[in-house]
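Quick one: the structure is below, and I'll ask about it shortly.
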Amino acid sequence: MMKLKWRDKWLERKAIEITVQQSRRVFVTVSQDDFRKTMERLVKIKGFTQIATITGVDIGKEIEVIYHLKHKELVLSLRTRTSKKEPVIPTIVDLIPGSALYEREVHDLFGVTFIGNPDLSPLLLPEGWPDDVYPLRKKWTSEIIKHKLEGS
Amino acid sequence: MPFLDIIVFPGLLFLLFLAFFCEWLDRKAVAKLQNRVGPKHTGPEGILQPFADFIKLLSNEDIIPAAVDRIMFSLGPILILTLSLMPLFLIPIAGSSALVWFEGDLIFIMFVMTLRIIITFLSAWSSTNRFSMIGGMRVILQMLAFEIPLTIAMTGPAISARSLSLSKIVQFQASEHLLLLAQPLGFVIVTICLLAELRMVPFDIPKAKTEIVKGWFVEFSGKKLALLRLTEDFELVLAASLMVSLYLGGPIGPWQTQSVLYFFTKLVICILILSNLRALFARFRIDQALKGAWKYLTPLALIQVILVELMPMVIP
Amino acid sequence: MGLISWARKKSPWALHFNTGSCNGCDIEVVAAFTPRFDLERFGIILQGSPRHADVLVATGPVVRQTKDRLVRIYEQMPNPKCVVAVGTCAISGAPFTGSYNIHGGIDKVIPVDIYVSGCPPKPEAIINGLIQAIKKYEKKQ
Amino acid sequence: MSTFRIPFGPQHPALKEPINFTFKVDGERVVSVKLRLGYVHRGIEKLAEDRTYTQNIHLVERVCGLCSQAHVICFSQAVEEILGVEIPARARYLRTIIAEMERIQNHYMWLGFTAHEMGFETLFMYTWRDREIALNMVETITGKRVNYGINTIGGLRRDLTAIAVNPVKRGLDQLEDRMKYYKKLCMTEPTILKRTVGVGILRPKDALRFGAVGPTLRASGIKRDIRFDDPYAAYEEASFNIITYDGCDVASRLLARCEEVFESIEIIRQMLDNLPKGKVRVRVPSQVPQGEAVSRVEAPRGENLHYLRADGTDKLARLKMRAPTLANLLPLCKMFENMNIADIPMIIAGIDPCIACAERMTFIDTENRSTNSWTGDELRKYSIGWYEER
């Protein structure tokens, strides 16, 4: 592994996988249980106080949630997975207030619940959107959604 | 007073023509200042544009929204139009005395202008649109602030002419000198206050397009909008002709001559001044405009009146 | 009717509404009102309130969320009125066809009189579209 | 305290794009704000999954008509990273030139809109007249005024012809002259100062906490610029300054953008003078191997981030786009606190919102529908009640 300023023994022990894409892009995978602790450490000790965005990806049985954290020139993408049946992840709004919008975005489009987020109002997409339709899950193609919405 | 005078010249028809002409002039001048052409293809150089707008609006569907107070909403535009037309008959246009004049008509003009604003507020309130309500409140606020310096400054010419009649003031200027020379400060104050009365930039706060759409205009359509726009044109004429009569001597020309042409030329100059100012500024915020009116304009107007009183003693 | 149809032809006021466009068309619509193109020459002014407008200039594909608003704005406009759909998205939904959140072109929701194609159309094309609209507007009595 | 709600948008003359803010106001002072997006949501991220990479270039360009170059560069960089393709130096330089031209025309446009928001129509007309110079330059190089359609994966589709260089250089001189004048105007004209100084304060601490980006962040005194921190295209070879102001208000944002135009002009000049010779495009396979990439670009409005995951076919598995406006919306809500109604358009203009960008995927809604569609009766009752309580 390349020598990087952010290098952290604790993280290396905890992480399932660490990939260094290029000198300024690092991907770290942690388990769902370790996620909150890792995040706290990254924010409080390692200084990743800014978040670029949160990406959700549907990978079959699970949903992968990627947090793109920024620290100067470095983008650290912290990734964790949660089961598709009951997608639950602890919130990070208390650590990084700027993540409020992104958490809701993921909540809306993938149905992931962020435990502890005070305002996860289930309101996204146009008014009258059905509850169980999460447009970015692979199951819901545009045609199926259209069919469901327009009912014909 | 002959019937023809009231209807044709210098009465209704002439004023209508003047109003449309002034709007065209104003639009054209602003367009020139903004590097544009302005109305071009409606009549020669687009001179018929305001007329076309007026006719089109008259022929449009007239929507009365369900939520409005019907009586005030329908009556409002007509009342405002009448009230802004009325003072124009008191302006000496063709000769040194107006169509109608009496001792104290200046006060009458001020009164009608205030009344007009109250009616504006009522019709804004009656249209029960959030934007027009805010617009209406701003109209009132602005009136409270600018009416006072305007009135005080306008007493300046009255004191000099020792009369509260516009026609007398014009006659005084014919026999003595133009009041602009004696009271330039008053002229400036009146111009600023009239800009505010006309709700033109930088005081177009009650109808700020980017904040509250068109302010109290927002719900009116068709004929009512046509009347309201005509009102705005009349107000423009009124403001410019007040400036002309109070400070520039109305229809008085050099060598004791009197002609409507002189009045007309001065009017054009005044409108160009107003449109110039309109194109040169950004809009103030309501609190800034009010602060300005109370803090600077009112004291300045008072100083100007005192100066008018003291002047004859210093320079006999 | 000569006077009225002349007046209508000479003074069509426009209202611009974005139903979900990428911004490109909107910028070009606004550009058509600025010094280089100056639509005021033809008596066309951009209005803020639908009550004051005669021509609705709509850009972009109709997104589910804006559908009701588009209809409402169309209904708030006084008669006679006409609609100009600016840009390929407004005509058919163009690159966004197939998305779950769009209805397609403007004509899926309200009747359209003139279509101006391009992605985005140049201001010249928009001006031409508006002039065509005026011609059509004249006939609507 | 009793308050009065005014809706602002979705159709509103101050906003060329639909967005809905509902302000609770007390008299003329803003108490709180709620916002609702979703009026321009076109589901682009979903659409992208059904299209091939080349088709996606077309789609990504239409996320936003004003930052099209920034989005396309960002997307193609991500694909190129997964492919392991190095694009020719000439293509990198040209991409930089077009991206900077986009910034110039965008900032000109923004200055015009800001002037329009404060009711300064003349300045609006002037800036838009001068913006046509920038558009002419872009048109000479790419053939289009908006949505340039010149980028592709592996480089550019067209080369810059030698004949275009001189008109562009002349255009740059003109633009620099004009911007000097506008900057002076913004610093001295009293009505502009009245409307901008001290309006829409965003403290550096809040800016960082809520994740502001781009000129909004830099006007709060924080030196962050992707072009400098995380250089892409040919920015490593260019020398330029990062403009920061520490007024934290709309005036600072105004001046920061004006100065950025000078830097952009400088960058374009350097690029044109040192333009390498050679090809502008390398051929790339239509199938992209498995992999993922994060790509960042400094769009005119701030940081633009794309996350791309490829699964080995000719279609992508996931494309996530985060446009700068979305990041700036939370700081925007912070700026509204305790401001005057008349300042609202100015503050919104201050972040240079591009709703089309922010909304390709996101919606925020904290209000229920009823407050949005009040009937006149409800409103009248409300207003009467309001006056009685006072």
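Just so it is clear, A, B, C and D label the chains in written order, and each chain counts residues from 1 on its own.
Everything below uses one rule, namely that contacts are C-beta pairs under 8 Å (C-beta built on N, C-alpha and C of every residue); 3 or more make two chains touch, one makes a residue touch a chain.
In this text the structure is predicted, and so the values were computed from the model without any measurement.
Taking each chain's centre as the mean of its C-alpha atoms, chain C lies 25 Å from chain D. If you average the Cα atoms of chain A and of chain B, the two centres end up 61 Å apart. Measuring from the averaged C-alpha position of chain B to that of chain C gives a distance of 35 Å. Chain centres here are Cα means. That of chain A falls 41 Å from that of chain C.
Chain contacts: chain A has residues 125-127, 135, 142 touching two or more partner chains. Residue positions of chain B touching 2 or more other chains: 34-36, 209, 213. For chain C, residues that reach two or more other chains under the stated contact definition are 34-35, 48, 63-65, 98-101. Under the stated contact rule, the graph of chain-to-chain touches falls outside the line, ring, star and complete shapes. Contact between chains, as defined at the top, is found for A-C, A-D, B-C, B-D, C-D. By the touch rule above, chain D contacts chain A in their complex via residues 38, 41, 43, 45-47, 50, 81, 208-211, 229-230, 292-294, 296, 303, 305, 307, 309, 317-318, 320, 322, 326-327, 329-330, 361-366, 369.
Contacts from chain B toward chain D in the complex involve residues 30, 33-36, 65-68, 128-131, 133-134, 201-202, 204-205, 208-213, 279-288. Here chain A touches chain D in the complex through residues 21-22, 24-25, 27, 49-53, 55, 57-58, 66, 68, 72-73, 75, 77, 96-102, 104-105, 108-109, 119, 121, 123-127, 135-136, 141-142, going by the rule given at the top.
Note for the complex: chain B touches chain C at residues 27, 31, 34-42, 46, 48-49, 51-56, 59-63, 209, 213-214, 217-222, 225. Those residues of chain C lying in contact with chain A across their complex are 63-65, 98-101.
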